[in-house]
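So, here come the structures, one by one.
Here subunit A shows up in two complexes: once beside subunit B, once beside subunit C.
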Partner chain A sequence: MTNASQNVSAASAPGKEPGKGSGKDAALSTYTIALAGNPNAGKSTLFNALTGARTHVGNYPGITVEKKVGQVRTSDAVLNVVDLPGTYSLTAYSAEELVARDFLVEERPQAVVDVLNAGSLERNLYLAVQFLELGIPVVLGLNMMDEARKMGMVVDAKRLGELLGCPAVELVARTGTGVRELTAAATRLAKERQGRWKPVEISYGPDLDPVLAEMSAAIMTKSFLSSRYPARWVALKYLENDSQIRELGVQADPVLSAWLEERAAHVAAHLRTTLSTYPEAVIADYRYGFIASVLKGGVVTRDNLGDRLAFSDRLDQVLTHKLLGPVLMLGVLYLVYQITFTVGKVPMEWTQNLFALMAKLVEGALPEGLLRSLLVDGIIAGVGGVMGFVPLVMLIFLLIAFLEDSGYMARIAYMLDRVFRIFGLHGCSVMPFIISGGIAGGCAVPGVMASRTLRSPKERLATILTAPFMTCGAKLPVLILLASVFFPDSQAQVLFGMTLLGWAMALAVAWMLRSSMVRGEATPFVMELPPYRLPTWRGLAIHTWERTWQYMKKAGSMILAVSIVVWAAMTFPGVDEDKAASFEAAKAEIAAKIEAIEAPAAPGTAADSKDEAPALGSEAPAQGEEAATAQAAEPEGLDALKEKLADIEKREAAEGLSASLAGRLGASLEPLTRYAGFDWRTNIALVGGFAAKEVIISTLGTAYSLGKVDKDDAAPLAEMLSAEGLTVAGGLALMVFILLYSPCFPTVVAIGKETGSWKWSVFSMTFNTVFAYGLAVAVFQFGTRLF
Partner chain B sequence: MPQSRPLRSLKVGDKAIIAQVNAEGELGRRIRDMGLVPGAEVEIVGRAPLKDPVALRLRGFTLSLRNNEADNILVATPEE
Partner chain C sequence: MVSLSRCPKGSKVRVLELCDDPKCRCRLCSMGLTPGVEAVIRQDGESCRVCVRGDEICLGNGLADQIKVVRV
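Our next item is the complex of A and B:
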């Protein structure tokens, strides 16, 4: 433990401080160390123990695999530790494996620390052997030694290191045991080898060894790809049908590449006819054979096998039981949702209140005008709306981290895979759906981000694109309002129906996507069910914080820009000058009258007010009868006048909105949306809903000249909507449209980031809107004929 | 030599030795990377509530795979 904390404090002291350590720094050598290992081997726990929470999180270029970099300072070196994605192998099939491989080859770290789960050493060594074959300097970190010991295994790390020709260190990353020794071993190896690669040769048997030798000899004489890869390794990859190496080979030397491919094909044909097997299978067999022979050489001795997993197995008998399992799972999912939205509501209100307070302060400090409107209605409302979600997002990430670290997430995927597979999805798709609002009231932003737990790219993409169909917490108040107007007697049923519709559409569209744009074989499920473990607070805190911070960074940059754009679209160009002048004039007139009436209440007399009133009134364009009536009805006149003033302001806001870019868009869309029963005012609100769905209510309020409508008290709007003759069919069509149309902007940003391509953001905006429109038209047309 | 049969036909609690893996490409690679190669001993430890996927124990860890993926794997069971 001590060394871990020492590393934390060391890492938190940046080397740029003058005087303090710069002289010593010059003598320190800097090494890049890659951290690799199987998923569930405790790699991220070790990374945290090594570098502390002060890490830099980014993405590997071009893909959405996270890249974490942290620094460790020892007495004689500075280590830049790069966390490679967790992989089982180094093939070219998955993005993670390619990233890990390319990093090693291109960045040439001075050493690789390979974290292994000592309890399942055999499988974990499969990756280690591939590092050794590549030739890169490797340090083995035998993690979870405590668990291995408990299961009755004695692992001789020293002997393992001798047999494989690389240092091996015993670790318990959870407690920090062995971390200091590991850093020392990595530093020593980095110093000793200075990044030189020494490929280890493994025998692949009588069928492959001769051809491997022949191919490597040819590769060596031509220096084929030799700047990056060892010759025998390239030959091996040709035998394994490795797509990346073959592509590189064709570019480098098409003639030699063709010859190598021909040799590989020849061997493959030979193996098929004589042994009915493939080169890949033979290679895997021999690798596992090599590992088995190493382990038998006195590395592992065990007394009672399988004891460690007994506890996990007993838990699984309950948690994945064929009846109890699904019931408990529903309970857990419901609990996740409940905790998030009941506990999360409190701090969420705090942040929302904070932004409301900020808005008030700015409103008070600045005169009315464009700048104030930009700050209050644009920036504070937009960024605040997104930042308001931070506590919620944080809580969801905490719970997900708990489910993942404990091992239960894998069981959820295991139990639900059969159902989701029908729609071309994966068992892990359930979490993003639920968080997005699968149980009404979630949020698609963390939902889309939760899809990171999915390791299958196609299933993941389909999940990301369909999760926004769920009834999120921002659509909910809008749907409740509409349900109360159009279905006053069956609100609950209608809302439940909307939630179900969300699920049905998400699954249906996922199926459509998986059989069209995201077509392709199901990614193999083959997934480890890690033993149940109690997560550590430190691990949970770090996971939660990293993901939340990324969310906040997004809110700070992209969403700020869009808040301004949406605000501008709803403000400019605004009413033309004549109209603006007439509004101003009307307002001034009434204000003057109010002043006139209020004046007598001040020290002056009634006579004063009568003198003043006409004098001011004469400046207003229209006087006469209005002034007369105001004076005649003096007792109630004040309230009536104030109401009138407010009325004019509301009408002005409505006119301003309809004259804005968004308003013109709404009006120009009316010929199209008429088929779904939406008028131009509804259209404007829907355009506004793109910024955030809850904006629909307040925008409808403005459009119907009701002023600012509070989403918690929307009764006047409800009355207005039914009075304006929106039919039941129209209302239902509107609800369907709101449920399904373009995700809100924060979600669109999340989609872009998570898929790594803005193409999918654009797709989700256009496709969802067209799809929702189609359904809304169908509902309206059928409904109108039916009711 | 005991009879080879598909992995799918095993019941929960059955133990067997892998005889052959007939999958190529990505699926084959994933299966082999996890250590499902001829000679490996596996035990069926459970099935999901809808009977699919299946959970296996091998080499000290638990692995789950879908039934249609398990169809590519032939196992040899000790004679009953």
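Our next item is the complex of A and C:
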């Protein structure tokens, strides 16, 4: 599959190759090819078919919309394929459309591949027409030909290409059919045009054409914005009220810009009074007219007029039914949890056992000391704690990918718009919420970024500030762990309840914000509903893997670093010298007594036990049994002594932890967190969790395992927590607090960037923490009284 | 002339007027909903689903109220 695009020149029609190029190729030429198209046209699928696994995900410069770049090698060129955000148009409606447009005019790729849904050419060509007007070299990729044929549609790609003056290739991105021809056509076009743009002129009728001509002439004489945009295109944008072009215009030439705006306003008023319509509508009307005339010229013929949406419509009568729809939606989300926990439990135990085994091996191989403690308590406990959840996280990502690719996710947004309105949010807030972990397992950083599809700054701000309340993939393991300790028989239910609580709190806070600090008008919601489709295994696998890999990479870098820092903070400076000496003295005293009793049985250990007092604890039980049988006369005295020794060591370790940097911090917070039922060790984990929520679980592990002596009896953290006296009420309060408190550091940075003000970063840190604390105290206090 | 949100399920309508916000008008046009186009109501009400130019779009609260149509 990854090599689908190789040997492209062999596959391309040789006769059509322009004179040069096909001969000797000393060095491969490199071209940048942009992939564009309407949402759901199959862009991602095509991108994967083109580039296989060799992709690089980054961000567009200065903004945080995800940018995927992949390389395709053909026999005569290297293509750098850039995936643009899905758009319907090149207006300045949303940040995504601006990203697509700015990329095209600033980077000037050698060609654009416009991915079209062949079953819905009329609407999909609307974007293609705008590329042609911009003049950029375009290749039309007629995707989903399989669906179109099934409907009885015959599309003449060659004729379409001729009529529009650009190559057109038939594709089935799902199976990779036509992908070779597409790369060949793109390479050929890039070679032919050598970066030259040829704007196409479309007539906009008697009302607009004269004005457009007048405006373009003025633009041309002043070379206004001409380094980037064709003159007629700029004129059109003035008529369409394009805010970004107008801003650029004011900077470039305020006088001309004012004149253009005045002309545009004049035309708009004229259309309003004589035809009661708007310039945008007239422009769109003529574009669709142009498309219709092209399609009539023998491009599309239909055998039977089958409705390709008939099946989806029948499903939607049930799935988006006014009453039944939301009930079924809850059912589907609940099912996601059930499947995850019943199926995911087994492999999760395997990976966790694997790390436990690793810890044992390292413990056996290394002598007691700082290095062993760093490896076992710091790195293996920290990274292992996070990696152990990989199977579970993978399963959740898989199910989310299924919901996305099948088209059901769009229905969720549609149904929830009605609910979101009430709380001052927008249907488009659903995606940021879901990506942040609305279906547990997301991440708030891309979630916050996904808010860019929202147009109203107020709705966007409210979405950004509330999305971090969702159950992200990092909080998930901690919540699962706590659920398994306190509610072992109903984990899925508790997790589902936590997710609902996240939603409820996000909506409640959004409502609070929207009726106080971020008041403002609601903006309209409009979205396309793609037909239901059965996802492919390949597509699901790629989506799941991409996200799981991100999770694992984070565990290997960020979490690793934080684990080491946290371990150090929990180890140093340790107990002070006087105390250490008194512990040593006490231990030596008891050790000497034990030695005296044991001396006849085990003469060899006497010398060692003095030097390595701490190690004695773990060696003791085995020897103790021997001694007990050998000297049945004094069993009680010996056992009591051993117990005393273990007790002293336990106290030493605990004092070491509480004397450490992290311990002091945790203890200093205890007077406050006591009301919520958190002890100082939990506080350490919660503070560490600010760096990344995954750290909570690893830090809890480290805090509780450092504080105990007998590591052979490596009880899982879950058991330790309940053994250490955390009550059900305390556990519940902790879960609530972890769900809602300050977003992690990367999210706080993303919030600052996306809102353009660090004020909101500080706000989300403090507000969320105070809010979470209040709720946790309430839960703990009520809970303790109830149970 | 009635609001889109008032049209019963299954009815066929012709669009007369779009919303007041020019940016939103641009968006509706680019998604195929232009003045003069015919649409079929798939689900009625304030949040409705309409089929236009062979695809389905959904319109949220408020928007469907502003769009004026005639039954055909």
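We adopt the following convention: the second predicted complex is superposed on the first by the 475 of 787 C-alpha atoms of A that agree within 3 Å, B and C clash if a C-alpha of one lies under 4 Å from a C-alpha of the other, contacts with A are read in each partner's own complex, and residues count from 1 in each chain.
The rule is short, and it goes like this: a residue touches a chain if its C-beta (ideal position, glycine included) is under 8 Å from a C-beta of that chain, and two chains touch if they have at least 3 such contacts.
Owing to the predicted nature of the structure, the values given are computational and were not obtained by experimental measurement.
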item	value
Touching partner for A:A599 - first (subunit B), second (subunit C), both, neither	neither
Partner chain(s) touched by A:R123 [first = subunit B, second = subunit C, both, neither]	both
Which superposed partner A:R455 touches (first subunit B, second subunit C, both, neither)	second
First (subunit B), second (subunit C), both or neither touched by A:P326	first
Which superposed partner A:Y414 touches (first subunit B, second subunit C, both, neither)	both
Partner chain in contact with A:L529 - subunit B first, subunit C second, else both or neither	both
Common ground on subunit A, meaning residues reached by subunit C in one complex and by subunit B in the other	88-89, 91, 93, 119-120, 122-123, 126, 278, 280-281, 284-285, 288, 309, 312-313, 316, 320, 322, 414, 417-418, 421, 523-529, 531
In the complex with subunit B, residue positions of subunit A that touch it	88-89, 91, 93, 117, 119-123, 126, 151, 278, 280-281, 284-285, 288, 305-306, 309, 312-313, 316-317, 320-323, 325-326, 410, 414-415, 417-419, 421, 523-531
Subunit A partner contacts - residues on subunit B that touch it in the complex	21, 24, 26-35, 37-40, 45-53, 55, 57, 59-66, 69
Subunit A-facing residues of subunit C, complex	17-19, 21-32, 34-37, 42-43, 45-47, 49, 51, 53-63, 66
Of all residues in subunit A, those that touch subunit C in their complex	88-89, 91-93, 119-120, 122-123, 126-127, 240-241, 243, 276-278, 280-281, 283-285, 288, 308-309, 312-313, 316, 320, 322, 414, 417-418, 421, 426-427, 455, 522-529, 531
